[in-house]
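Labels run A, B, C and D following the written order; every chain starts at residue 1.
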Amino acid sequence: MDLKLVMTADEVARLITQAFKADKPFFVIDELSPGSVRARLPFETWMLRPGDVVSGPALFTAADLAMYALVLSHTGPQLMAVTSNLDLNFLNKGEPGDVHAEGTLLKLGRRLAVMEVKLRCGDDPDLVAIATGTYVLPPAQR
Amino acid sequence: MDLKLVMTADEVARLITQAFKADKPFFVIDELSPGSVRARLPFETWMLRPGDVVSGPALFTAADLAMYALVLSHTGPQLMAVTSNLDLNFLNKGEPGDVHAEGTLLKLGRRLAVMEVKLRCGDDPDLVAIATGTYVLPPAQR
Amino acid sequence: MDLKLVMTADEVARLITQAFKADKPFFVIDELSPGSVRARLPFETWMLRPGDVVSGPALFTAADLAMYALVLSHTGPQLMAVTSNLDLNFLNKGEPGDVHAEGTLLKLGRRLAVMEVKLRCGDDPDLVAIATGTYVLPPAQR
Amino acid sequence: MDLKLVMTADEVARLITQAFKADKPFFVIDELSPGSVRARLPFETWMLRPGDVVSGPALFTAADLAMYALVLSHTGPQLMAVTSNLDLNFLNKGEPGDVHAEGTLLKLGRRLAVMEVKLRCGDDPDLVAIATGTYVLPPAQR
């Protein structure tokens, strides 16, 4: 695959903040390069589930936003790209802390993008979850 | 499968509210019967994504809580039952509104429970998403 | 969804046999109606795995062919429709016997079809596996 | 994770051949190390689907056997370890040729093993599919 970024990390982060009508950034893009992203969902208390471990919805959110960032950064500000499938495997308990997402673009076609995201929590180097997902891209504007 | 409820809808709803340390119920169980549940995540504005459609995290949350309710109601207050895998297919845009979850227990073994949840939004009868998932059950207490 | 069949069960079965260059039918379509199919992979010894239970590849094959039959019967002889994602949950051991597949079309869009298939083996009424999957449709020929 | 092999590649390959009652090896393990495997399903004509590309069942078979090899090599000859969930994303057409599987153990718990397998075909370096899956381990024999 010959991948090229068409937006910077800052542009993507700003676009996501605006698109979600958030009053301040809620998702941090730490590093963006062709085919991959390192991003982070900063810790908030809603992210915990019984047992004080990071919840499934928090992990899903981080995975889905990392995929959205990969799609936007490689195809431009196509806000209506949407998730078609997302499969999450939960591996280990996530300690309370930021959710770190390491995303990789596995395929970028004309109609679909397929990605994988590895998720870790706080300072723990162990994988907490792994996600694979597909986004459907809007028809190219000509 | 010979399935029997061991908790009522009210008991499960109260347990979930307490377990998540919520000050008021945030998940409604409309109907519970052996092997199935109808439940609902009442609408809140955080549930929308760009385009004013219901977001993936909101759909994931409803699916995961419906599965949790199925596990708890059939096995008792085992709060540490945890999601092992959750696969979500997004089918149609979800209009702003409550997320309705219709869950079915496909397998209840000693170690794993496998479930399916159909998701709809607001008054629209069309399916918005379908989830299949696996919960790992804690070892039986003896 | 307003679904309409554009091919008969016989036409679909014949098309699949030809497409796979098989010298005789290896997949039986028992019933076809708008949005659903009942089909069958007749038993052969290659389908068993250790423990004399039906293998994952045999279940996958039945699920994938049932989805292919649903796509073909609703969109016409588009042989190049391809599987994009297939998620299989294995529920119970499958006794040696035909693999019965009961498929439902959950979404038929212009670019994607999403389906669910329930799998049973032999005469056992219990579910052996459940599959959800996505097919990418070739661009419409005009 | 502290992973240790308890069987050699040859022992695992022989065990799989016997377990499937095959008269000769049908799955090659090219390299085995703690936490990972490189294996191969040698090409046969049944593996092709319409369009002369490698079929889903062939890719599923290679992914599932690579996971089985990972489980056996790290836990011993537990033939009754069974697949609980397998999710496959198809990325690119697979040219006729051996199916190469590169498997990684993501989690090895007492009850579940979670793995990822990357699949390529023939000499093409591009990914053809990626699988994530869960195996349920039989209760430890004591």
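Going forward, a residue touches a chain if its C-beta (ideal position, glycine included) is under 8 Å from a C-beta of that chain, and two chains touch if they have at least 3 such contacts.
Worth saying up front: this structure is predicted, and the values here are computed from it rather than measured.
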Higher-contact pair (C-beta pairs counted), A-C versus A-D: A-D
Message: I'd like to know which pair from B-D, A-B or A-D copies the B-C interface, where a copy means over half of the contact pairs are the same by residue number.
response: A-D
Field: Euclidean distance of C-alpha centroids - chain A vs chain C, Å
entry: 33
- request: Please work out the Cα centroid separation of chain C and chain D, and write it as a whole number of Å.
  value: 23
Message: Quick check: how many Å separate the C-alpha centres of chain A and chain D?
response: 28
Task: Would you pick out the residues of chain B that each touch at least 2 other chains?
output: 84-85, 87, 89, 114, 134
- prompt: Which word fits the touch map of the chains here: line, ring, star, complete or other?
  reply: complete
Task: Please name which positions on chain D make contact with chain C in the complex.
output: 19-20, 49-51, 56-57, 60-61, 64, 79-80, 82-90, 93
- prompt: Which residues of chain C touch chain A in their complex?
  reply: 84-85, 87, 111-112, 134, 136
Message: Taking the touch rule as given, give the residues of chain D at its contact with chain A in the complex, in rising order.
response: 1, 87, 89, 91-92, 106-107, 114, 116, 126-127, 130, 132, 134
